[in-house]
Structures are given as C-alpha cells and as structure tokens.
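Got some structures for you, see below.
Shared chain: subunit A. Partners: subunit B in the first complex, subunit C in the second.
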Partner chain A sequence: MRLIMGKPEKGKPYHIYVEETEKRIGAFREFDPARLRGESAGEGPLSGLPLAVQENIAVRGFRQGCGSRMLEGFVSPVTATAVRRLQDRGAVVAGTTKMEEFGLLRLFPDGVSGKEGGPERENPPGGACSPRDDGHPVGGAASAVAAGMAAVALASDGEGEVRRDAAACGVYGLRPSWGVVSRRGLASVSPSLETVGVVAGTAARVREVFRIIRGRDDGDPCSRDHPADAGPGGRRIGTYRISIEPSGEEAWRAALDSLGRRGFSVREAPPPMMEHWVPVYQALAAAETASSLARFDGVRFGRRSGGAEDPESLVRRARGEGFGIEVKLRILLGTHILRPPWRELFHDRAVSQRAAIRRAFDEYFGEVDMVLLPVSPPSAPGDRDGDDHLPGWRNKDRFNLAAALAGLPALSFPVTTGGGRPVGLQLMGPPFGEERLFEAAEALAEDFPPASPPGLGRDWR
Partner chain B sequence: MFRPRIGLEIHIRLLTSSKVFCPCPVRYGDEPNSLVCPVCLGYPGSLPVLNGEALRMACLLAHALNCSIAPDLRFDRKHYFYPDMPKNYQITQVSAPLGRDGSLELETGGGKTVSIRQLHLEEDAGKMIHRGNRTLLDYNRAGSPLVEIVTAPELETGEEAELLLRSLRRIVRYLGVCDGNMEEGSMRCDANVSMSPRGVEHSPGAEAPSGDPPGRKVEIKNLNSSRFVRLALDYETSRQREILRRGGRVAGETRLWNEAAGVTEAMRDKGESSDYRNVPETDLPPFPLDPEYLEGVKRQLVELPSPRKRRLVRDYGLSGDAADFLTEEKDVADFFERAAALGADPRTAASWLRSEVRRILNRENLSLGESPLTEKRLVELLGLVREGGIGGGIARKTLEEVFRTGRDPAEIVRERGWEPITRRDALLPVVEKILAAHPKAARELREGKDRALDFLTGMALKETAGRADPGLVKALISDVLKEGRG
Partner chain C sequence: MDVSELMVLAGLAGIEPAAEEREKLAETLGRMLERLSDMADSGLSGGFRGGEAPGGERRTPAEELSGEASAAPAAGRLRADTAVLFADPDALLKNAPEREGRFIVIPNIL
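Take a look at the complex of A and B:
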C-alpha cells in the first residue's frame, strides 16, 4: 500500500503537510497514521485513504477522550464498527479529532458559572478548533477534511454537529437515518437521537463511505439494513420561507434557482410542528444525556480523583472535576425533568410529542420527497451575533433538530455565491432516503462546485 | 384484628452460559474481574446485545407461572449511583414487564394460589467487598441475567412465604432455568409486610388502595434462606401486630433480618430517594415476541411439580408424602416413573427411593443422575426381593454393592453367593443347630408362645447371613419340634 494517499501540496509527504497545517488549525486530538496502518486491509476501494475519526468514536489504541476531562487518558480497547468497515476497505485511520465535550454545543456563555475565565477554565480541554478566520469554533472532523488533512471523517450527529461543522467549513456532512449506521463504538450521550455521520469534500465521497458503513451490525441491536428499494427517486422539494442572515439570502435563492433548473420542483411546504422541535429535543436530549453520562464516575476507567475517602466521594469528585459546565447543566436539567412533578409535564409530554412529530413527518413526506432548510448557525450564542440569549439562539438552531427527533437522514452541502464564504444548506428526507439527498446535492454541485482545499491532489476528493 | 399482607420480590439467577447483554461467561468463583468486557463494564461506546437464552428462560418461567406475556420485550434504565453498578443504571423492565398477572400454587398450603404481579428480565450488579479501609470491586457478576418476580401481598404467614419459595424453587429447577440455591444467592428474596384491618379485603392482585396511609409498608432485606424468610416474617408480623395493638403506627421503612439476634432491625436511613428516574433503554429496540416464538418456548414446558404430584398419587396409588418426596427433584420423579414403566411395584419403588436410595445418595453426596443406580437396576433388585426370595438385609447389601461397583444386582448376588437357601436339606442342619443352642426358646414355642418362633427364625437368618428363606425356616422349626427332636 502507498503510505497514505494522494499528493498533497507539490509532492510534500502527507504527514509533513498535516504537521504544517495543524499549526494553523489544530483539528486533531491525536495524529499518527503509522500507528494503525496495520489495521487497514490495505487493498480496496478506499486503499490508502486517510480517515479522521472524532474522538468520541472508538478506535482501538487511540484515546477516546470525548472532549472531556472525564476521559483523560482513556484508551479505547475496541474499534467502532463504522471505522472497522472503512479499514476493511483500505482506509487508514490518520487520527482522532477534537470536539466539544461529548458533542454538546455550549448553549451557555462560558461565564455562566459566575467565575471569570473562558473555555480553559470552565470548559474541558477538548473544545473546538478554529479553522475560520471569523473565529467561529468548529469541530475538528470537518476542519480536518476542509483543510485537506483527511479525505473523510466520521463524527457524531446528535443535535446537528456534523451538518453544522461541515457547513461552517464548506464541506459535505451527512447525518444518516437513525439505525442505519451501527453506533457500536460511539460514546452516545443521547442514544435515540444520535448517529454516526460522515464528512467529506464531495457528495460522491460521502455516498461512497455511507454505502460502506451502513447496514446491520450484530454489535448494535438498533442497527438495520438499508432497504434495497431505497434508491434515488423523487424530485419534489419542499421549502420553508425563513429569514436567514443576509449573507445567506443570496445563496438560498441561488440554490432554489439551481434546483428548479435541474428538474426539481420546489414549492413552499413548511415541515410539520416546527414550534415543538426545540422544547421536545431539549427535554429528551437532556434526559438521555443525564442517563447515559451516569456511567462516567471515575471508578472503572478515565479520570480518577485522588484523596477520596469513600466510594461516594470518589464519584462526586470525579464528576465534579471531570465534567465541564455545559455537561453539568444538561445533566442537572435531565435529572430534574425525570423527577416528579416535572416528569409528566416535560419528559412524558416530550415523548408523546416526539411520536406526533414522527407521524407528522410520515405524512409530510407523502407530499414532498425532501425538504430544503438552512443549516443552523455554527456558533454558540454570544460569540458574534446579537442573539446572546439561549431561547433565541436555540430557535435558530432548530432546523438541525428535526432529523434527530424523527430519525431522518439529512445532508448539508455548501453553496458559494459571488466568491463569498460558503453558506450551508441541508436537504432532509424520509427514513432511508439518503440516495435522493445525494442525487439532489450532486445536481447542485454542478452549479456550486465544492472548493478544493489548498494543496490537495484531486484523487482525494 | 389485623391480618398481615406479605408480598415477596424474588430474584432468580438464570443458568445461562453467558451474561444477559454480552458474551462474558456466567461463572462464580473465578479470579475477580476476569469475566468482564467493555459492555459489562459500561465502557463508552459499548452496546448491550440481548442473550437469546436468557430471553427463552424468562419466557419459559413466565409460562410456568401462568403469566400473560407482553407483545414485545422492552427495557428501561433504572438509575442509582452505586460503584458495583457499572453504568450507574440497571437495564431492567419497568414500564412493560415481560410477564404480568400470573399465579403460583403453594404445594402444601391447602391449595392456596398466590398472584404474581409481574415477572421481568434484568441484569445483576457486581460485588463490593470491604477490606479494612479499602473497598474492592468485582464485576464478574455484573450483567448476569436475573428474572425478578413480584408477588401480590397475599401471603399471611412466614410459613406461607417459605412454602412459596419452596414451590418456586422446585419449578425453576424443573425448568432448568436456575439452581434455586438461596444460600449461594441464586434465588434472592426481599419481602414487604403491612397489616390490614380484618374485614378489609383486597381483590387479589390489585394495588393497595390509595387510601392506605403511606409508609406503612415495611420492606425486609437480607433474607438469604427460606428458613430466614419464615423466621423474619413471623417476627415482623408479630412486631407490627404488637405496635398496632397498642395503638401505635408502623413506620414505613426498610429493615434487615439479623440472623444472630433473630430480629428485624431498621436499616440506617441513607436519606436516598427511591426515585429511579426511569427512562426507556433506547440502546435496545423493542423486540417483538411473536406468537410462534412463544409457542416454541411453551412446548419446552415440562409437567410442573404440583400437577405431577397429584398425578403420581392418582396414577400410582402413592401417599401424598411419597409423591411429595418424589417430585421434589425432577430427576427423581422421572426415575421413579421410568422404573414403574419397567415393571417395578410403584409403592415399593417409591419406598426404596425414599429410604435406602436417599440414604446412600446423601452419604455419598450424589444426585440420582450421577449415581450408578439406574432404573433398570432398581427394578432388577426389587424383582430379586419379590420373586427370587432374597431378604431385606441382602437386598440392602446388594444396593450398597451396586453403588460401590456399578454392577447389576443379579450379578452381585450370584457372585457373592447371596442367593437364598431354599433347599430343606441345606437348612435342616441350621435349624437343628439353632434349636439346640436355644433350648429355652424352643420350650416356650412348644408351650405355644409364637413370639419365640420369630426369635428362632431371626437366629437362623443370622446364621446364614440373611440367605435363608424365612418361610422355609419357620416350617422346618415346626416340623422338627413336632417330631420331638428339638
């Protein structure tokens, strides 16, 4: 096998290119393609392709830090099924990438605890890296792909991380239908809402990788095969007239025009129950997060706090020191709404509302084949825009949440107009509707060719 | 004035070869933390995968307890932080238990039937071991499959609770889903006790009426033998009765059975809420229990101890006690029925199994299945007694030899020269010798004291090491005395 891949920047060896680029970007938590070359099949359609894996997805021998102090030094003993399937087709794990703690976007300003000090003090060491010159923090997986340090990345999408980061970096990001890609190896915080997603520079690469990682895995009882008849098809696209930031307006219109020219019928068709997406997601995600993060107690793995007198204080210390502020707030919220009297009021209602949202989408996708929506803003409140209060911000974020609630596939893609920064839009379809999303995105790519990262050879794409 | 209402929560450890959500073996006594994997240690990214064998056993038990079975299998997460619980939640079934509304017949409780409220499948925790000022954790047990059975509070005495456990123990052993050993924790029992005024009846299986003052229910833990269950519940019911008799109120609390003192004691209140914040276990999709699958499991049901006992009494003319003994263990009852089918007299076979065979098995610490005694050998032995005329003593010695050598009874009797002496000419000298040696008994017999005949016969049997045919000996004694030779 070629030592990884392609010919980055005028024949520079790959690892030199990455080392230089990393100085600017800092996408990787650990970078060491040599370490796992032996675990790649070597041959296959992805032979030699560098794969970046977000650090909450298990790669044997790499630290599975989940962007949290809680998992400092924890080295995974297993490799996630999705990673394994790519290795079996020749891909090589180049390294693991940084992420917000457990993938939870900081909804609260860093100063929320009342203490001075930014991310370094109150938030975990993981956090974001910043490939954009405007300072928007973005996860390492999309950053690595955008900068040409990896041809493809696997990352988790719970509340839109894959799409948000891909959109911010001008690359493609897929959140598959829930259950279609095995979650074995993904440190889920909200199992019913989270999937393993794909980030790559083109829709074709996303599709190629998706087709390899999808399908039933005996290690994940929720995983299922993609139905054979779920091919492309359907050219009716619904949209919803929304006001997005002015810079996005032009891209939005351009995308609608392009789709119309290329044989898609686009019409106004608001997706159902939008006003419920945020509260329902917020309640369910918090409850599942509080539950799923209970296992991190410093007893069996990860951070072990010194000086504990008894098991209880050991757990208190480990969780007190290990979790960042956002995680703690969500655990508090989740714990709270699972207790009476709030349980009935919030959690149980959210469960039934979610079922209603699913039913409504079933109906909705009888009328249109997919829906075009913006990708919600890449940054947390208070960073750049005026909405520095939580409800206002989360409301802008809501377009990323529907797919999680209803288990739908969603593909974000960049649209660049007039030489400006790419704007991210997403197409969302019914369960197993990935192929029609790829088809539409490829049609759009004729008008909006994806930018090539600096120095990258074409065969990476 | 007050009637105790006792309900039991029983945990059954299933005899699967691997854990309920991962492939780690279920074994006890191994090196601590040697039977663990990322799943049963709750590592990030690990997912539970249901063990089909555990499901089969749980369904079998639900059938045996006449439960109605849920249309699909759903799991929940029950949260509480405890270091022996790897994920700090237990995967169990709260919202939709596998089985509901079952019943269990107490075997010797005058036909009393107790309602089973629910039966569900869940995972066990590890073990926390305190050594001086250190706390050690062993996760070998974590993730072992358990079935929890909750009865309605329809028991009234410690004895009934003990009977219920005994009946349940027999059933799980019949089904081969649990070894039923309470001392080793294969069956664990908690009890709840409350008192209701006489005359206030609750329909069986119904929830306690909401008008019941809260907190009156006392939960008792640490009951690790069926005898302790009886003792603790008898103690607790009389304690509560006494409080109420004096006009007091019973505090709702958790109490522990103190084996040494023979009392229940209030457990130190940790102030922990019993709010488990249950959520659906979304790592495990609902698993449809289709009727075909359940029928297949149902076909694996065996005849259960209670009906079998009644059938043994009816079909074989056994006493209730004998049938009770035979049905205690399935392999004993099976053995008995096979022996009867091979022609053994049922009552005689039952009596041998209950006395001589049991005595030897206990002494050798063997089960019937492991012993060299086959039903064919027992039938052969009983035939030698009935038709071949061998005496009880020889028969017992032969049985011992069967156990010792693993050979057939007829062969042993022949080789050892233990066949009965049935020829007059062979026995006559023995009889004459005995009469000569016991002139006083001979005189009493001539005077009509029949007891002397038994004595003299016994002496002749002893002289021949049990081989003499007792009937022939008696006839010879009479003949000799009549002839005036004695």
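Take a look at the complex of A and C:
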C-alpha cells in the first residue's frame, strides 16, 4: 500500500490530491480506494498500485452504469477477470471512471433533445487533458492516468476509445489482440470487436499489466492464451502518409527519424483495404450493438419508466427513455440490417468483407512487422479528408478500426515536439504481436520521454 | 428513410424514440444506409457467397460464415451445460427496478 497509504510527490496524501484534482478533471464516476482494499493481495508486483476501471467493466460493489441512464444505479455483483487478476497481484481499485454511453462515439455533437442528459454528459475532462481534436470529450480512464490519480486504468476499446483518449492525454494505450484478455465482466456492445485495454504512463507499465491480465479464462469462452513464442523481434515498419496539420506533421516526422536512428527500417507500405474499414465496421458494430443491448429491457435491472400497461410498452418506454440517441441510432441500424432481405445484403457481406480484410492483413504482416499510423490526427486547413461518412465520423478515424476488424494489437504512444502538446501515434502489429509494439514504443521513449504526472511517486512510473 | 418507416423499425427494436428525436434519427439512418449500400456494391468478398457445400448440402452465406463472425477464425469454445449457483443472489435482486419481496414486478400480461 505504498501509494495509497503513503504520500505522493507533492507531499499531499493521495486521497487529498485526488479530491482536489478531481474537482477540475471529473474523471471518476466513483472514487473509493478503501472499498475493496481487502480484496487486493497485500504483496505482489503491483502492491498498492491504484487502479482505475472504466465504468463498463465490473467491479463488485461499484456502480456499472456504462455512462447510460439505462443502467443508472446498477451495482455490479461480480468483478471482471482482468480486474481480479490485478487485485491478485496487489493492485487496489481506486474507483470507476466516466465514459461515453457504452463507449460509442458521439454522432450528434449538437444534440437533439434534452433527453440525452445522462450521467455521462457531465463528463468534463478538461484540466489535465484537453478535449480531443475531433471535439469529443476524453474518457475518464486516460484522464485519471494523465493526472496522476491512477497508475493504470482498464478500459474497453472497440472504436479506438483507449487509443484516442490516451493520445489526447499524452499517455500510452494498448488495445490487445482480440481474445487474449478475458472480457468476462465487460458490458460489451460489440463482442467480436471490443477488447479490454490498458492505459498507463509508460510502455513498460502497460506491458507489465498486460502480461498479468492476458490468458485464457473459463469465464470467457472466446478467451485464449497468448502464445509464448509470439511477438518480439521485427524491425520492419510500414507507414501510410496522410495530410495532417503542422504540429501533427512535425511529430510524425520526428517519430520516423527516431525509429530510423534506432535501427528500425521504415518504408511506405499502406495497410490493405482502407476504403472498406469504416462501412464494414459500422455494419458489424451496429448489428452486434442491437443484439447485445436487447437484454436491457427494464425488467430485471436497469431503468424502468412508470405507467406502462403491458410488458411490451414497459420495454419500449424503458429503452426509449434509458438509451441516449447515439445508442438508439446504432440499435435501429443494427435491427434494420439484421432483418431479411437486408441481412444478406449488409450484414453477411460485411462479415465476408471482414474475412477478406483479415486475410489481407495476414499477407501484409509478411512484408512488414508492424505499421505506424496516426491515432486521430488533426486535419490540415482545407483538408477535404476531414469530415466523411457521418456527422461526427471523420475519414481519418478509420485508422482505429482496422485493429478491431482484424483482431490486431495496437499501442498508442505520445510524441511531443518543440514543447507543444503531445501528438498520439499508434503501432499496430499482427495477432499476438504486442511485444514488438512495446519494444518499438520503448525505443521511441528514449527520444520522447513520457511526462511525469504530478500525483504519483516516481516509483509507480 | 421517413419517420413512418423509422417507427416500424423502432417497434421491431423495442424502442420508443422521443418525438423530437424521430426526424433526426430517420434522416441519419437514411444516410448511413446509403453508405452501407456502397459497401454492399463494392464487389469485395471474403469468398463467401453461399451455395453447394462439399457434401452436397446447400448453405446460405450466413451458415457458411458462421466460423468467420469474429476477429479470429474458429474462436470460441463450448462449456458444460450445467447450473452454477451464484453466491450472492440478493445482489442481483437489488438491481431489479421494481420488486415485491423476492419477486420482480412487471405489468399484467393478460
């Protein structure tokens, strides 16, 4: 319990530091390090390490609201396997963090009605972390780590949430290979796309936590062991050049120079089938969201509206009032493309195209060992590649989708040049290739050392 | 998509959108479906089009794709179909929105 019971760098007890910082940042949904302290192993490699858990990952006794009115007040009766594994090594759950509703990107930034004022709308990260360049708020998990209120955080990554938020906050974010980290306890909306990811201040910390939480779990029938011989080695890096605004461009060039100096071979090698990533992802994610959220009916748990005269209207009203408009949109789209005759036209073709994308990546990673991409790059003035597909969706955000479609690991890392704000880039590798991503990120950290958050003692870096 | 089509869809989805949301949802859904039509027309295929299986049985694309519907081929395994007692059933019941004792209340079906 070195940190929780001790003093952070500034000389303030940890809980006082968090209480003061939290007034500016608002990262936590619930903060209570004492609640589950007894469930953590007293000794271990992570002894006393404060862990933040995004509120769609179960922690027994904490609310698991998923940023939605639908689950307001829902208290988890179980703890997710990934959290449990960290507790067994000494980590202490400090609290749960805020998120967008079910982790879905906002498609209606201007809002439609006052009804979307669920608890997640209070989420004003600010403070340590600026809003993302695409205007979306930053999730609490990355905010808590960047501000030194937690040494590590677990959060889900489907559309790239972990990497986007980590990039915005200047910290590291890992989306593991699909299936390598148990999803038991994750309130998942798109099971074939989402993983439990890791946010921390350094690549070394991310690697340490990943090695603890990975591996088969009987509670998740899709989980699997990480092959012992996979990963390290590999110094061939492919890139894809896009137009981004000057600070991003400078960081991009600096990262390429750094990799070259450190013995990596970098060459232009566009990843395959980029034009298909967004529509295939949208079709699959919507179908899975409609199916996964069907269980939220206001009967056994979740929000219930008054005045329903029959079970059918009870369900329709509960879901109409409980879900925000972003979630409704995905459910409606998914329902549409799962019914005949559109199922074959949209859903089945998307599944088929996903298989094609995955195979193309298998070939691609025969030519290079990993690929360097932006995370969510700011647009250059006059760039016509900016707004595309839908309100709130930018064509450039597609860089976060490939990993979900092909089950690949991806690690975002900060690059800071000229004293400016950090710019997030990401390395993506073949399935089980996490180790080579860590190696490259640690090499880059020699030139772009991670910032030291104010709250945590250096022994927790 | 117009609002009347949207409401049919909402009925299937078990959702009652607020009146002020309906037009925006219908318009956005229409745009999304246009984009997805481009995908469907793209000609890209993972090689699954349904048809004759090796044993002569006819399969739909969906059946043929059943092993592909994840990020990793052939992922997933079955577990024993046995009941497992949950240690703290009261913790589950506490999350029910309306209860009478140990029963969850719903409106009358008949």
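Following the convention adopted for this analysis, the second predicted complex is superposed on the first by the 407 of 461 C-alpha atoms of A that agree within 3 Å, B and C clash if a C-alpha of one lies under 4 Å from a C-alpha of the other, contacts with A are read in each partner's own complex, and residues count from 1 in each chain.
As a working rule, a contact is a pair of C-beta atoms (placed from the backbone, for glycine too) under 8 Å apart; a residue touches a chain by one contact, two chains touch by 3 or more.
Bear in mind the structure is a predicted one, so any value in this text is a computation, not a measurement.
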*When the two structures are laid over each other on subunit A, do subunit B and subunit C clash or fit?*
clash
*Check the residue A:C66 against both partner chains and state whether it touches subunit B (first), subunit C (second), both, or neither.*
first
*Go through the superposed model and pick first if A:G185 touches only subunit B, second if only subunit C, both, or neither.*
first
*Name the contact category of A:A80: first (subunit B only), second (subunit C only), both, or neither.*
first
*Using the touch definition from the top, say if A:D348 reaches subunit B (first), subunit C (second), both or neither.*
second
*Given the touch rule stated above, what does A:V53 touch, subunit B (first), subunit C (second), both, or neither?*
neither
*Identify the partner contact of A:S291: answer first if only subunit B is touched, second if only subunit C is, both if each is, neither if none is.*
first
*Return first, second, both or neither, reflecting whether A:A251 touches subunit B, subunit C, both chains, or no partner chain.*
neither
_Looking only at subunit A, is it subunit B or subunit C that touches more of its residues?_
C
*Once the shared chain is lined up, is A:P340 touching subunit B (first), subunit C (second), both, or neither of them?*
first
*Just one of 7-15, 43-51, 79-87 or 97-105 in subunit C hits subunit B in the overlay; which is it?*
79-87
*Where subunit A meets both subunit C and subunit B, residue numbers*: 74, 77, 179, 192, 218, 221-222, 290, 294, 297, 299-301, 310-312, 314-315, 335, 339
*Any idea which subunit C residues touch subunit A in the complex?*
6, 9-18, 20-21, 24-25, 28-29, 31-33, 35-36, 38-40, 42, 44-49, 60-62, 65, 68-73, 75-79, 86, 88, 91-92, 94-98, 104, 106-109
_Quick check: in the complex, which residue numbers of subunit A touch subunit B?_
56-58, 64, 66, 71, 74, 76-78, 80, 179, 183-188, 191-192, 218-222, 287-288, 290-291, 294-297, 299-301, 310-312, 314-315, 335, 338-340, 347
*Going by the contact rule at the top, pick out the subunit B residues touching subunit A in the complex.*
38, 41-50, 77, 79, 81, 83, 86-89, 128, 135, 137, 139, 275, 277-280, 282-285, 287
_subunit C-touching residues of subunit A, taken from the complex the two chains share_ = 73-75, 77, 107-108, 112-113, 115, 178-179, 192-193, 218, 221-222, 224, 273, 276, 278-280, 282-283, 290, 294, 297-304, 308-317, 319-320, 323, 325, 328-329, 331-333, 335-337, 339, 343-346, 348-359, 389-391, 404-407, 431
